[in-house]
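Each chain carries a letter (A, B, C and D) given by its place in the written order, and its residues are counted from 1.
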Amino acid sequence: MTTDVDEMTSDAPPAPTAWDRVKLARATDRPTTQDYVAALFTDFVELHGDRLFGDDRALIGGVARFRGSTVMVIGHQGGTNTKENISRNFGMPRPEGYRKAQRLMRHAEKFGLPIVTLIDTSGADPGISSEERGQGTAIAESLMTMFGCRVPIVCTVIAEGGSGGALAIGIGDRLLMLENAIYAVASPEACATILWRDVEKAPEAAETMRVTAADCYRFGIVDDIVPEPQPAHEAPQEVIAATGDFIEQALRDIQSAFDPETEDGVAAMLDARYGKFRAIGAWRDASLDALDSATPES
Amino acid sequence: MTTDVDEMTSDAPPAPTAWDRVKLARATDRPTTQDYVAALFTDFVELHGDRLFGDDRALIGGVARFRGSTVMVIGHQGGTNTKENISRNFGMPRPEGYRKAQRLMRHAEKFGLPIVTLIDTSGADPGISSEERGQGTAIAESLMTMFGCRVPIVCTVIAEGGSGGALAIGIGDRLLMLENAIYAVASPEACATILWRDVEKAPEAAETMRVTAADCYRFGIVDDIVPEPQPAHEAPQEVIAATGDFIEQALRDIQSAFDPETEDGVAAMLDARYGKFRAIGAWRDASLDALDSATPES
Amino acid sequence: MRNFFKRQGKFQPRNGDDRNDQIIPEDLWVKCPKCSELIYSKELDRSARVCPKCGHHFRLRARHRIRLLVDPGSFEEWDTGLRPEDPLAFVDGQGPYPDKVERTQLKTGEVEALITGVCRVEGRPLVLVVADFDFLGASMGSVWGEKLARAVERAGEHGWPVMTVNASGGARMHEGLFSLMQMAKTVSAFHRLGERRLPHFSLLVDPCYGGVTASYATVADIVMAEPGALIGFAGQRVIEQITRQKLPDGFQTAEFLLEHGMIDFIIERQQLRQQVRTLIDLYMRDGENEPAPVVATAASIDVDA
Amino acid sequence: MRNFFKRQGKFQPRNGDDRNDQIIPEDLWVKCPKCSELIYSKELDRSARVCPKCGHHFRLRARHRIRLLVDPGSFEEWDTGLRPEDPLAFVDGQGPYPDKVERTQLKTGEVEALITGVCRVEGRPLVLVVADFDFLGASMGSVWGEKLARAVERAGEHGWPVMTVNASGGARMHEGLFSLMQMAKTVSAFHRLGERRLPHFSLLVDPCYGGVTASYATVADIVMAEPGALIGFAGQRVIEQITRQKLPDGFQTAEFLLEHGMIDFIIERQQLRQQVRTLIDLYMRDGENEPAPVVATAASIDVDA
């Protein structure tokens, strides 16, 4: 899946750059959570509201049947036109959205329903009222909820995985990513503004941030990449169906690895979920280096 | 504890009427939650906020040491002057208050801390914004939380126990009530307005609503009455100390009956808590009457 | 106290799932309060009392709701013998509470405000709990709490889901603190049901206020509401009187609650049966809870003399 | 990749719990940004960098905070050998990330933004995790996550409570998605600690933003903040630019968060030690978790050449 130098010299078209991937991930007609729900799930019953303050339409969810089983599906949802974009806040969740997601996850846990999340957001809402109602706390609670949730969780980055708004529904036993999806700690534009003080440097920022599925896979953060032989917005049916197959396989793998119907199975699943994120990091231990070279200093 | 006909003919002063009790319960200088906390608890650390929307000063709580053990104490709190009354909304909780209480109860559960609640409110806040943020839902969640809370809970009506706002911290393994406290489904004034369309009939309403501690005890709703040889506002130290003794005894009784340190003990405690409220009701089964008299009709 | 009821032996409740549900109209035409259309009364009944022009949902009696939802003849009513007591010896301007209960029973044809039982919806067993607003404003008293607790406990024993249809004008003042305590009793019953992983579907209908809103009705696993239903804790008149503020447009409507995150969705009356079937299928997975056969006998024999 | 660090052998971090905590002042007098009082620099240090006139809390370096909180000499630092890698081979306008790290290390005297270890507070063991804002704006990268996870795991093994002192300017952009994932890693560590019923006390100090606010720092068992500290998820400039709205007075201050229900209380710096002692005593009941002896050796030997 990684860019190969050979490709550059062969007759094949050059591999997409990171910025190409960003544009593909953001393509206007790229399938959204609602498209996946419509194509892959039956009897979807959308459940609204956080029971606290509001209903955030930027983050939707509900119970549905997926390949024979009842599951909870939760995903970001932007709009397809200006009016819908405004009502859905361009897919940027507010605290209500995370708290609705937490409610649905606890609900899923109560009934033993596996959770399927679909990640597609440029990030958390950066508004005044979101801060007032604890945007940070709400995201943190979502992470805490997912680490304790006693049912299988499969997360898929279907388009743009932006920052804490993405991660807030991104803790699971498997993390999948579409080939043309991106996943980043900040948008390339934000990164360019912060580090180069020039938003026009976004393509360079995208490159240096390593936001592609191939990068995330190489880093050991993503477990599997759903290929897009054609970009999802050009062949939505095929890509959605393939995504469904990957999610189904991931759920089957989890269920056969842990048997989440038993106490021990759940404990092992939560241990593995912990271990998965515990292992993510790039650091070295200088004291071990020194021990290696047997020249300790005090 | 019940009014005795003999008293009326003896030299003793007549027993207080229900309305007298209402006035005693509402006496301006009757001790409040803060007075109990100051006198009975040490190292009180007040914990603020629901982590969702706000901090309701009408319902306070925190960790503290009570007779040698760390506990969570939660209670209604009105003000002692106009300014404080406004900031504490006259002790009428808003949804934030119940949600703070729920948070503190889950916190107590996490650390195995017994919960002590002190009830003193004229009722839930009847405001527009409280409705917007789900006053009913918030109270209901509090009840649900307390039925599932895996630590001992002792509730004490220290003054006025008004409606859902009182009940929201009133589910426990033991319910105590001070002799001059009242507990009612609605204020006598509201009842008089609804049923007589005349708020001046509040004294009659108080009588017919059976709001006194003696009534609540007779109905099997209250487990024990803390005597007030002198009304609490006349002898605060004595009454507060006596209340502390009753609470301590109630906690000891629960702990010796169930051993809440064990899984089985917790299960038995929750069963008993369920059974306590399951049994409350005044109804009859007409079909059994008929069976008794052996004259069934179809 | 056991005897006072026998004094009123002239009252005999009727059984069955499809009676007592129509108030005889003052005239044959009903004016829609929303669009002012004049609707022929029988036509309104045929359309589940939904205005054919604007979709306004008129209130429905409990038994009418049951008839619309369940498989014909499948509703087995439970605990019809339960009757209110008068523990407070309550007397108000309208006289003693027992007299008020008797008058209400005669007027409404019901013995209490809550009807419970088990039914089938397209063959699927479902415990059904329906409030009747015409019975003392569907105020929640001891009989309500006891019937509901029994119904929910039976659901737990049999592995059946529960649906509640909730309306209420508030507390049963005449039963004092007993009324308040039914909030606790009903919530605790559903807490237990939840531990068995059996779902509670709650439908809020117009009007739903007070202790019912502040107890089991709003902490169900799925909370639905009918379009336009007024739902809240404190009543609008009380709030206006106390706050002296103008209430916002649409305050306390189902749509308002949806926007404020308090309900899962709004369901039109004509879609309810299908939606309930879908929910049962989603939550009662794949025969895991094998439907027990509905008892074949008639509704519980009511033997009140 | 193991080698690049050896290239920078000239840097040698210092150890100990009470050094590296003072920036040499430009001059001997500091002007309080709140009350404009001119304060003699050494006097400010003696008052824990709290303005003696108005109580304004100046920022503190991590080691200064540690010194103020712990019993003298009791801080045993952990994992001082951990160093950032450069998995992205990140280069921005200021050059490669490793160079930036090296410059920062030389400037600050710290090897990373997070200091972890175990200490005693009036004899009571406490795992202490303190962020240093001077180190790349206390941005959370892989070393932060790893040091924190190790510290929390050790707390769990020994039955010790954990206190974190949290400041952050946001993500460590240079570590890309690894930085984001430290939010998950840190939260999961505390999730485990919670399963052992060991408490996490979090103190938010100025400024605390981004991934730290949106992870372990705000879901602690007790969340405290210093007076006036700015705490939020999105930065104020970002919010102003995007919303083009004026920010409310006091927006994102500790006092604002308290009012909005997000923190348990505000604690003045001079009261912290006493408050932490009280909390430890309340939660670590009655010798149930017998304090393990603090290892008597000096701070972990740092052997980076």
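Operating definition for what follows: a contact is a pair of C-beta atoms (placed from the backbone, for glycine too) under 8 Å apart; a residue touches a chain by one contact, two chains touch by 3 or more.
What you are looking at is a predicted structure, and each value in this text was computed from that prediction instead of being measured.
The chains that touch both chain B and chain D are A.
Set against the C-alpha centre of chain B, every other chain centre is closer than that of A. With centres taken as mean Cα positions, chain D sits 28 Å from chain A.
Centroid to centroid, with C-alpha atoms defining each point, chain A and chain B lie 46 Å apart. If each chain is reduced to the centroid of its CA atoms, chain C and chain D end up 55 Å from each other. Of all residues in chain D, those touching 2 or more other chains are 218, 260-262, listed in ascending order. Chain contacts: chain B has residues 51-53, 133-134, 137, 141 touching two or more partner chains.
Interchain contacts (touch definition given at top) occur between A-B, A-C, A-D, B-C, B-D. Here chain A touches chain B in the complex through residues 51-53, 95, 99, 133-134, 137, 141, going by the rule given at the top. Of all residues in chain B, only 124, 126-128, 130-137, 139-141, 143-144, 147-148, 163-164, 167, 170-171, 183-186, 190-191, 194-197, 208-211, 215-216, 219, 221, 273-274, 277-278, 280-291, 293, 295-298 touch chain C in the complex they form. Across the interface of their complex, chain A is touched by residues 194, 197, 199, 221-222, 258-265, 275, 278-279, 281-283, 285 of chain C. On the chain B side of its complex with chain D, the touching residues are 43, 45-55, 63-65, 68-70, 96, 100, 107, 110-112.
Residues of chain C touching chain B in their complex: 1-2, 5-6, 79-94, 142-143, 145-146, 149, 171, 173, 175-185, 187-192, 210-211, 213-219, 231-234, 238-239, 242-243, 245, 247-248, 251-252, 256, 260-262, 300-305.
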